[in-house]
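Here the structure is laid out as structure tokens; the discussion comes afterwards.
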Amino acid sequence: MQVPRRRPRHRRERIFQWLFLVPAVVYMALFFGYPVAKNVVMSFQDYTTATFFTGEAPWVGLANYVTVLSSSLFSTSLLNTALFTVGSILGQFVIGLALAVFFRRKFPLNGILRSLLLLPWLLPLIVSSAVWRWILDKDSGALNRFLGDLGIIDTGIPWLTSTSLALIAVVGVNIWIGIPFNLTILYGGLQEIPDELYEAGSLDGATGWRAFWHITWPMLRPVVSVVLVLGVVYTLKVLDIILGLTNGGPANSTQTIATQSYALSFHEFKFGEGAALGNVLVIISLVFAVLYLRASRRAVDE
Amino acid sequence: MTTQLKALPASAAALPARKNWGYTALAIFFLAVMLFPVYWMVNASLQPNGTTLETSWLPLKPDFTGYATAINEQGGNLVTSLVISLGSVALSLAIAAPAAYALAYFKVRGAGLVLFAILISQMIPGIVVANALYTAYNDLGLLNSIPGLILADSAHGIPFAILIIRAFMNGMPASVIEAARVDGAGHIRAFWSIVLPLSRNSLITAGLFTFLFAWSDFLFALTLTTTEAVRPVTLGIFQYIGAYVNDWSSVMATAVLASVPAIVLLVAAQKYIAAGTTGGAVK
Amino acid sequence: MKSIRKTSRPLALAAAAMIGLPLAVSGCGTSTASSSEAVKEISVMDYYNNEPDKSFIGDALTSCGTQAGVTIKRETVPGKSLISKVLQQSSSKTLPDVLMLDNPDLQQIAATGALAPLADFKISTDNFAAGVLSAGTYKDKVYGLAPTVNTIALFYNKDILAKAGVTPPTTWDELKTAATKLTAGDQYGLAFNANPTYEGTWQFLPVMWSNGGDEKKIDTPETEQALQLWTELVKDGSVSSSALNWTQADVKDQFLAGKAAMMVNGPWQIPALDKEPSLQYGVVKIPVREAGQTAVAPLGGEVWTVPQTGNKARQAKAAEVVACLNSDEKQLSMAKARNTIPSKTTLADKFATENPKLATFTELIKTARARTGQLGEEWPAQATKIYTAIQTALTGNASPADALKQAQGQ
């Protein structure tokens, strides 16, 4: 964007531009600056319940990180986190995008039906996890009853109590929660694409899949980027759903880095280690965000 | 799917809209599958003990005691939740929209850094922020106040809204804003009269989720209140969940009742997401 | 050059604001109360946030407050959030005058120095059950007293057992046989909670302790035998594998719905059980391995403490309220109303006679053991190992012996 060269206007320009940003920067500094800094510092200290009262927290350097990274539970939770994130993102993005494209058509009740799909987000998490626990219960859950009525299974499937199935069940519930998020944002992005492009494209013979690949996908790129990056960041942080469904069990098969960090801090009161593990998670998110943004920026430039 | 899409341009113009009820049926089917847990919650709310342990598929003998309790006790909390959520939307959009515009269009040095900081803020566990806020709010006397909660709940909305609105704005052609500036419009005029209307879709989308984040917030409501003076419904539900026993039927009934005004608002807002707002402007 | 400085100055300001502003704001000092004025009001925090407990405790607090000449300003929080709140209040020096704590958390909080020893206020600890004092003591000083306590026992459905010709079991072998016999159709013989939380550990402690198991070191033969019992019950199919995910509330729902003939649970479920007129239930102690062993039950219930708020006058009033809550009269009335057991042994016989449904529990309280009795602040780590071992064994990932060894070694 061209900026006029004359100096007084230049300075006023800059001030105006910063005025747009200042409220946001101030807010972020006030609400996030101190917590982020405190969390980093806490990870280098021996922070216990006593510290909350006395304020004393001896410096231990990297000891917390060493303990946390070398614990036998870490490799399990790292693997679970990876599987949980990849599974959730794949499921909710693909289904969300498919639904967004579907809802682009004009048909009666389109708007109302699309909005009703946001209902899962209106339920308090304590309610959603309770309801899903009942649905997935091995003996009397609705899912097994349904499968049994259809004759697909004989005995109940232990969705939440089998070490091999629990993670899949939890990923499934997380996909269910993520679909409205992806659907709504991608739909908004699709609405930004002018119809004229499709009309022009169809004149050239680009319809169906080709229209999607050559018109929709490139125009949707910035929105897709933000949805995927935010999706990964939020999924890595997911805590309440897993705690509500399985508490990290059975036998740590749904224990992720986020749940382990929480358990370290609030069940075992080892706050320094919990903060260290939490920061490991932030670093993983950051690495992903940086890699992805760099890759997508390169693609846009092409 | 390809054949359906190819057929669409020709047939959609030729046939009247009611022929598309086929898609409506398909959409209703998707909805039925996706919203089954919501239905199951309604079913549970009508059971005497509030759980679905022994229920049939349909609540044949509805028991409304949970609803009676919920209506008697949670009405005020519902209003509190609505006020806080709508306030949070207003505040978040007021702060985020200009910031997103600045980050999308101005070549401000440090913009990348600000974006990075915003992304990092999304990675911080909520409890860390809540603990820090408690001390600050206590010193400032902001505990148990609606403005305090509006400010706190925006902590999720503002960074998110900035990222979403900026992404949408990146897809908007800069030529429109250029044209306005050349015509002599100041930054604020250009922003208010041209950019905001063009960004309607992104503002509504960001606003929707800001509302949802604030509506479903439990952590800040719990941390930043010490009395029952200001109690959003997410916290109100916990008066039925004790350390030993739960009153599930009141919990479920409250959740059902609380969803109603919220979904009405969401349906109304979604109507405004219209197609091709930028297309016409370019012409 | 000038324009670069101008753009980077705001950036530097923002960076400074990142650290400076919030620290400056939070640095505002908290006011220390003047102790010269008479105390009119004291603050209380507890986790009885749901009815009817909320009213029962509220009435007791108000009445004790009146006796001490103060009004009560009460904050109730959901159970799981109490400790977070306590920690937040500790760091901002806004702890309440009277604080309720779940008894296994007391030693943890007392170790921080946040609580005042009750002896400072001459509160008598006579006649309390041994387990209660053990839970409330840290480094030989009593910091908290529980007016009423609870524990767990074996509930059984009288009709189902009678129909199957089964008598309530007293040994592990009898338990296994009974559970197998009572499993038919969609009804399981027994239900207990084995989920990966402290609740799962809590429900395992009776069989572990009555067999001589030690919570300090869990890879011993005695604990292994107890875990073997739990594992076999699930493997035989007498207990649904859903136990790995159930809370004690879920266990009660199963029993109430007739999906389990027996259950391990506590007296707080009695109101829900009584609401079902067709359900006839009885309570016995949780079986021991061999006849002759004593049934040991874990001690549940909450203690009342006096935090160090720095204001001697308020602490004195708070101590009066705590002493009043622990008086004989209050113990009996609260216990009866809330289906818990008074913690003074001198009240046990009278209470059991007047409340026959709670007789078994009253008996168990006399020998109940506090979870933090030996380990103090180290209990949470060990409790985590116990439920980890239970989960590993019950999912079949390892034998009970190996599961315990793995967990202990972590």
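Think of it as A, B and C in the order they're written, each chain with its own count starting at 1.
As a working rule, contacts are C-beta pairs under 8 Å (C-beta built on N, C-alpha and C of every residue); 3 or more make two chains touch, one makes a residue touch a chain.
As the structure is a prediction and not an experimental result, all values here were calculated from the model.
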Once every inter-chain C-beta contact is counted, which two chains account for the most? A-B
Most remote chain relative to subunit A, going by C-alpha centroids? C
Cα centroid separation, subunit B vs subunit C, in Å, comes to 37
Counting only Cα atoms for the centres, state how far subunit A is from subunit B in Å. 15
Subunit A: which residues touch two or more other chains? 14, 18, 25, 34, 140, 266
Interface hub residues of subunit C, defined as touching at least two other chains: 7, 10, 14, 22, 25-26, 84, 87-88, 91, 259
Hunt down the residues of subunit B that sit against at least two other chains at once, touch-wise. 51, 53-54, 108, 114, 127, 131-132, 136, 238, 241
State the interface residues of subunit B toward subunit A in the complex, per the touch definition above. 1-2, 5-6, 8-9, 12, 17-18, 20-24, 26-28, 30-31, 34-38, 40-41, 44, 51-54, 94-96, 98-99, 101-103, 105-108, 114, 117-125, 127-129, 131-133, 136, 152, 154-155, 158-160, 162-164, 166-168, 170-172, 174, 178, 186-188, 191, 201-202, 204-205, 208-209, 212, 215-216, 218, 234, 237-238, 241, 248, 251-252, 255, 258-259, 262-263, 266-267, 269-271, 273-279, 282
Provide the residue numbers of subunit B that touch subunit C in the complex, in ascending order. 49, 51, 53-54, 108-110, 113-114, 127, 131-132, 134-136, 138-140, 222-223, 226-227, 238-247
Mind pulling up the subunit A residues that touch subunit C in the complex? 10-11, 14, 18, 22, 25-26, 29-30, 33-34, 37, 48-50, 52-55, 71-73, 133, 137-140, 158, 160-163, 246-252, 263, 266-269
So in the complex, which bits of subunit A are touching subunit B? 1, 3, 13-14, 16-21, 23-25, 27-28, 31-32, 34-36, 38-39, 99, 102-103, 105-128, 130-132, 134-135, 140, 142, 176, 179, 181, 184-185, 187-189, 191-196, 202, 207-209, 211, 219, 222-223, 225-226, 229-230, 233-234, 236-237, 239, 258, 261-262, 265-266, 275, 278, 281-282, 285-286, 289
List of subunit C residues in touch with subunit A within their complex: 3, 6-7, 10, 14, 17-19, 21-23, 25-26, 83-84, 87-88, 90-91, 108-109, 111-114, 186, 195-198, 240-245, 259, 380-381, 384, 388, 391-392, 394-395, 397, 410
